Each structure stands twice: as C-alpha cells, then as structure tokens.
C-alpha cells in the first residue's frame, strides 16, 4: 500500500442470506461494483460492514472474499474491532494472515479507558502485526473521542498510518490537520505519510477543502462513482462541482430514515437502506441485515427505491 | 434589516471592569473595531457576550451601547437567553424597546422540553415582538438539538427568520440546507428569506461551500477583517483563498486553550483569551471575564499574545 | 430555622390560572394542605414549582404567598435558580427581603463551569445574604454533578447549610454521608449542622437508613402525610413500615407517566400529574402547567385519578 | 440452581500473572476465599472479572477453573459478554459446555439497538442454551438502559431468570420491583422465580429493604463475609445492623480511588485496588490488571493497604 492512502475507501457492506450467513457471491459482486466505480481502497469489517454482528468465522470469510475479489487492484483495510487489546491483536493477526493491506482499530470500548491506556493499546496492536495501523475514531460506538494531541503523538512516532475520523467533530478535525502541517505543509510536516480519512459522508467536499486525504462513505456502497467524481473534482480544484455532487449525495443519503424510528434502531434503518439499495440495483441478492436488527418493511424499501430514482440511479428490480 | 441576513456577524464580547461592571467605553470601541473590520451585523448578548453572567440591568446597558455605537451601519441582533418562554418574552420586549433589529432565542433549557413544546415556545416569542426571530441551536448549553424537521417547519411558516447553528453537527446542517432547497435552489425554495448562520468558526469555508449564508465567529471579535476576507473569497468562488484564511484562523483560535484545564472551565479559558487578545490589541481596557470565572494568569496571557503574533496581528501592549 | 433541617420538605407546586398567572388562593390552600399533612418545611421556587417558567414578578408573588401562608409554622426555603452568580444573588436578595428562611441554589448552568468556579459561586451567594444556603444538585438540569469533595469542603467551611441531592446517585450520596461522619457520627463530625436532603422520592426509606436528614418529594405535594408517616417510622426504627409506605408511594408516583411520551415532555407529564392530582383532591383550582408545556388530556387526567384511588386517596371531583 | 437465586454473588476477579496470563492457582484460591466467606453464588466473566480484556481462550480457562473450584457448592453464573447476538450465543454455548449454571448477557453494544431488537436478542440467547439467563443492565458500558417495561416483559414470558442491575438507577429499580409484585407480593406475583440482584454495592441494605433478592458486589471479592453478614442481618430484619455493615463497606470501598485520576482510568484504579487488596490479604499472587490498563504504583497500593486496616482486615504482606 502506498502511503499515505488517499481517495475514496468505502466501508464494504456485508451481504447476508436471510439465514444470517454471509452471501459470498454477492459480496464478490459488491467488490466488483466498487472497484468498477473507481474507488481507491476498500474497508472491510468496519461498522457499516456490521462487523459487530459477525462471528470470528464470518469475519474470516468476509475478509477472504474481499481480498480475493479485490485481487490487488486496490488496497484492502480490515477492521479489527473488539473490546480491548488482546482481542484486537487476535483479529489483527488473522487479518494479516488473510492478506489485508492495513488494519483499522478503535480505542477500547465497553471499559472506560484513560488516554494513556489508549496510547498503549494502539502501540501494542501496531507492534503485533507488520501492517499499517489506522485509528478509527467513532465516539458513538466507543464512547471516547481520540484527542488531537493523542492522534498527533501516535502519528509522529509512526504508530499510526492514518485516522478514520467518524467523530462528527469537523472543527476538531480541522485543528488536527492544521497541527499536522495544514493543507499545503502537511506532507513536509511532522507526519508526512499520515492519512486523514473522514467518515462524515455528508461533508466530504468540506473535508477535502480542509486538507483531508480521503473519505470512507457508507453510502459509497450504493454510488461509489459519485464519490469518485466528487473526489476528482476536489483534487482538480473544481469546488463548485464537488459541492454539487455532495449535495446530490446528501439527497440520496436521505434513504437512511426509511425505517420508522419507533420500530427499529437508527443504525438498522441505515444499514437496511444501503443493503436494499444494493439489492434494488442488482448488485447483491438480499437486503437483510444481521440479527437482532429489525428488517425494513416493503413500504420502507419503496422509500429507498424513490431515493435511488430521485438521484438518477435505476433500480433493476 | 434586509432578509436574509448574510455575512459575518460576530457575537460581540462584553468588556468588563475588574469590578464586574460593564465597560461601556471599551464596548463602544469594540463595536467600532468590528464595523471597521467590515462585518455585516453584530450579535449582542450571545453566549460569547457572557449573557448568562449578566443581570437584566447589565444586559440593557450592553444592548444600548451596541445599538448606539452601531448607529444603523449594520443590524444588531440581540440574544434573549433565558430558561423558558415567559422570561424570554420579557427579554425580547426589552430588546425591541432598545432598538434591536432582530432577536435570537434558544429552546427552553434547565427544563426538559418536547419538540412540540419547543415549537410553541418559538411561536409565542415571535408573536410577542415585531422583530425577526433567529433560533439559536446550542446543545452544549441547552441540552437539546433542534431537529431539521422542526427548523424547517418554523422556517416555512415564517416563525423563524434564520438559524444560528452552533450544534457542531455539520452533516445535519448540510441536510437542513438541502431540505430548504440546497445551494442554488434555496432562495427560490420553501423559505426564501431564511438565513442559515453557522457558529462553527473553524469550518466557515465549508459551511459557505455548503450554502450557508454567514457566520457568527467568536474569534471574529479579535480578527473581524479575516472573516470578512474569508467570506468575500467564498462569495467570489475563490475557495482556495477562503480555505487558506480559514486555516490561519484555526491557528489563531488555538488561543482558547491558554488557560490550563485543571484550573478553569474551557469556556472561561476561551472567553478570557478573546478578551485578553482584544486588550493586547488595544481595543478594550481589561481582559476580565465575569464572576465566577477564573481569570487567565500572566503566563496564559503570554500564550494569547504569541498566538496573535503568529497570525500576524500586532499586540500594542 | 433550627440547624440542621430535618424531615419532609416538599417542593411546593405553583398553581396557575389557565391564563398562566399565579393562582394565589390555590397556592395558599396548598400550603395549608402541606402543613396540615405534618411537613417540616416548604421548598418554594424549586424545579417542581416550575421556577424556570416564572418571571421574576411571578417568583416574588409565589414566595410572598408561601411565606405568609406558612406564617412561621414551618421554615420556607426559597429556590434562587438562575444561570450564574450575579443573577442568583439578585434572586437571593429578593428572597431574603420577602422573608425566606433559607435559599437553595444550583451550580451555574447554560455555561460550562469548573469545580473551582462552582465553589466561588456558592461562596459569593452565601456572602451576599444572611441566610443559610443549600446546594441543589440536579445534574439533569444543570449538567454538572457536585462532587462529594466539593460539597464536603463547602460544608466544613460553613458555606453550605445543607444539600438537596436530586442527582440520583445514591452510591455517591452514601459516600458523602460516610465522609461527613456517617449515620451515627455525623452530628459530632466535621459538619455537625449540615443537612442532607434527598430528592429521590422513590427511595426515601433507603436514604434515611443511610443517614440522610430528610426528603424533598415532588409527590409529597399530593400526599404529604404519607411521607411524614414514612419519616416517622424511619426515625422510630420501624424500617418495614417505612418500606411499605415507600412502596405505596412508588405506586402513586406512577401517575407521572400519565402523559404520552410522543406528545409531551416527561417533566410536563409529571408536573401535570401532580397538579391535576391536587385539583382532583380539591386542593387547587386548575391543573394547568406553565407555557409552553403541553397540558394533560382528559384521558391522562383519568389515569391520574386511578392512581389516586389505587393509593386510597379520594378524588372529590 | 434453585430459582430464584438469592444472596451474595460476587463477580469473581480474574488473577493474572504479570505476563497477562490467567493465574489459575490464584483464581482457585480466590474461589475458596469466597465460598469460605459464605457467598451464595459466583459470577465469573463479568466486568469486574475483566471479561472485556480476556481472549476466548482465557475466558474458557477462567470459567473452567471457577466451575471446578466451586465444585457444586454454589452455583456459577457465567458472563457471555460480546457486542451482539451471534457472538454472545457462541460464548453462551461455550459456558454451557464448561458447566456454568446460568449465563449473564448485556444488551448489544457498540451498535445502537432499539428496545424491540434488544428483546429479540435476549430471546435468541435464551433459546440457544438450556440455562437460566440473567440480563445485565450496565449502561456505563453498554450505553443503553433496560427499561422496566422490557425487563418485565422478558421476566413474565420466562426469557429471563433474573436481572443484574448495575444501572445505578435505584428509583427505577424500585419501580421495577413494585411492578413485579413488590416486597411481599412478588413471589406470588407475575414472575415468582425472577431474581433481582443489585450491582450497586454501596446501597445493598437499601436494595434489600426495597425487596431485591441479592447483590453482586465487586468489593465482595475482598470481604465476602461482610456482605454475607449484611445480607443475613437484612433477612433477619436487623436493618440497623445491615446499615452499619454497609457503612463499613462504603469506607472500605474508598480504595477504588487509590490510582490518581490524571494517570489511569477509573476502572483500572478500582480493579487494581481490588486485586492488590486480595494480594495483600494473601489470597492471590499478583495485583496486576490486564493490558492496556495502567498498574497501581507502590504509593497507591499503600492506600489500598490503609483501607484494609481501617476496615479491620489484616494484610499479610
């Protein structure tokens, strides 16, 4: 993998059979769909991949399929998501053995962990496998925010190859980028190979304008080419084009509210919408999300379909 | 006031004497400093104005000085910040009598209030005074987030003339702007006169790219001309220039951490930094913040001074 | 007022006319109802009194009526609830002038305030009026928790005469009581006159067993005599009797859910239930809560009525 | 296991070698220490057992040692802690195979899960193994609170054999107990075999007075006999004796603050204190907590030792 990683790196959805088993044929087709869309990398086993719902065996299956399907055309980042260090290290070793190009770890969760302990955690994970390590900042799941000071320290000493920032704290991200050298100076700055990827898929134009390297967009599963167009426009300095594309994607993203709030989790609604959109587009076979998530009703799937059409995408079913 | 309000609208700091009384002469000079910097409006009695620390009498003094000093050159928005409707209405009537051009109210706080109750609140405040009403979304203080649905409803029926969004939820703001018609369509859209102002002062280039009308930047007290340059560049489509100016302001903003975290509130440190910067620049006489806030030490003031110099501003003291 | 204050000290509801004005006749009757129930003090202008909804003029009216109606038979504590010190001091002076026996203040809210600043706040409020000062720990409204260390410090130096603990942190309260000398040793301990009052009205038997001095129960408005029976049983060491009475009150308290969650705030539902219960019992004239709260429907009032009957109380309307 | 489970059920600490491996000899001695103290059950692989830090292999080792050491004298509950259903089911099957008498599961975490989805989760876990299932309510780790309605529903239909409530919401627990039939009526009530265990180790007297069946006290590792005395006194109606014992345990519990807040997590400090106390008492060999937790300094261990002596326990080292 070339450092720093830049561009569009979607968190790959995990297609499932209604029985709950991984639909490997659909997963391989999804990888093809993403690579054909021009993406620059794939993030398997992230939150959007429903990693928290998958057994270790299922995780292994998913990563193997993604690595094989990608076939070296783009790098594959593997989420190694678990509560604390020893468990994360086991996932990281498994990911390395399966051929991942990098691993992505959160701070410990379920436990309450001090920043000094979080630093130890990332250092040990990095030491355990000979792969670039990305920190995954996701306070909504992990309940702690990685501070700019901590990320800066781990960037400078080479522990981290990058950050996937899904904190939603865009001001904090801006401060981090400036601390790392800023829009222009960063690559001559203290962490020249450090990659800043935003998970805030509704403000990617803004993140790129601020100096981020790339994006990990959940809805990029559905329309990868659009994020690639957005990214290319930004790199070319066509900010108005980038903003227009972003705006269109904001409209498409509205599908995440397809499931009624009183009946299902917000996350179940969003994941179900992404998967049903992929099913409607003919990419994957089923829109099912993992147990115990409630499934989208036919009415909700119709909402998803309307969002696709409104954005100019054509359902084939 | 022309609708919609657009541009740079700093939340005016309230200079105090060490005794705690409002320093009216300094406040008038600060207004001059801001108007000379090219700002498009003034927001008196907001959070950055330490409104929560001021008695009703002090609030009246502040608003009178700002209205008189502005002298019609730019519109003056007045914060009418209090726990619930009846108290807010009293502040709004006082603001109208003093000559404010618009009022800015939060949702109720201290109490836990349902969205339907929040809608009733804004409607009654609007009915009580013949002035445009801005909703102030500040979950860190108010503990509830105004939903896009609620803001949209109150925009369309004319209750609200605008939103000051200090929620930090940039993705949510983007969704709201798109719902209101988007970057281009908004002004022909459902709420053509509605003004979206961001309080996220570190990502103003991004907000303007997304279609926001303006910004309410706390550190705009210190360097109003920079935000005006940023705004002008954005309006001209010079996004690289806007981003560079924003980046410089992010560096300047670093002064908010001047006060050590173990000794004082984060808000006290930031407000003290802004005020001491203004004192160092010769605009106001004292850097004191209101009781019971802890004051910056000489060492912390030196940090503020270094931030000014690093950003090319010249302390005169 | 004898120190330490002990016993049942209900937070007095504020009866309103449908117009929103204070119903002084009903308020005087409510005071009579409480004193007749045997309570040991009255807490006017607390959260249950809807203090956050009342203008300063209404607050003055309420306190005057309560002080006059109490007529020295029991002490009157007055809430002095506002965002920060200068505003709280104004309320405290007004309360002293009206004849309150003590004042009750929260930490600053709306702002984010450091513990050292909170200590300064309480010290200045105490210095401003010659009345005992109670700290009101209510994180759900104030967004900060008073630490045991801070309360202990302010108890020992005489700033605080007591604590009204509505934090819901019963373990923390237990640790505080032990730190102050424990169940037996407390009154010879470091703060012999310090009064610990719990606002956790569903676990009063437990708090008294732990060594608390008394209770400030919202639903004590409805059935003051029951809390007095509970208190007397506890003081007599009849813990089974106390627990049985508490259990009956837990059932009665179920009325707080009368208003449907999708239609109104949880606080509006609870306050509406207390007031309608008082109306049904013939104590006050209207069950209205202050604007912008949504009013209970007839169906919800019927739920309140059923709770009264189930607890052996007899609605007269 | 007899239903309902009642009494003192400590969450068994997991002694570790400095290398991080499970110290099986110490673990067996700890079980002996607890059984000798008179406890009524053992909870292995809970939060206090550092379950989140243990690999699956280590979990298996721990459970095997505890089951063997308990040797049928008291029932062994096994924590099956993981992010979502499929992973939890795997742990539950492993626990059943190793001889656990019951399993203890939280709601899903890391993901955001709707109450309807949480109900599905518990039902599937229950269906997967032929063992009683306890719900573990621990919002500080899981980020959602189990509502009384949900627990009641799952108690009545037989999904749950009990609740381990570590929510700290004592008022909510009281409402649940009343809903289940109350102090006296519960066992003839809708869920006669349902066991309510509190994890609020500082207010056990209160919970028992309220009608709880038992307690899962972390510091019960250190002084199990004291919780047994407390429990026996409560069952005998000697509430003053129970309260005095609780007060002594509150003092002992102060050891959890041994580690300085600026250097380590609150959880690391508490777990380190429990383990070092056990080491000082000669029960286990090392006080080490699992990586990445910071270890207690010699100074902090001295604080632990002082707490032991103050409570009348005699360190042997």
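First chain written, first letter: the chains are A, B, C and D, and each begins at residue 1.
Note that in this section contacts are C-beta pairs under 8 Å (C-beta built on N, C-alpha and C of every residue); 3 or more make two chains touch, one makes a residue touch a chain.
Just so you know, these numbers come straight off a predicted model, no measurement behind them.
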Greatest separation from chain C - chain, by CA centre: A
Rotation, 0 to 180 degrees and nearest 5, that superposes chain B on copy chain D via CA atoms: 180
Inter-chain centre distance, chain A versus chain C - centres from mean C-alpha coordinates, in Å: 49
Rounded Å distance, chain C centre to chain D centre (Cα mean): 34
Set of chain A residues in contact with two or more other chains: none
Chain B-touching residues of chain C, taken from the complex the two chains share: 20, 47, 52-55, 58, 81, 83-87, 90, 108-114, 116-118, 120-121, 124, 140-143, 263-268, 290-294
Chain A-facing residues of chain B, complex: 168-171, 174-175, 178, 182-183, 200-203, 205-207, 209-211, 237, 239-240, 243-244, 246-247, 250-251, 253-254
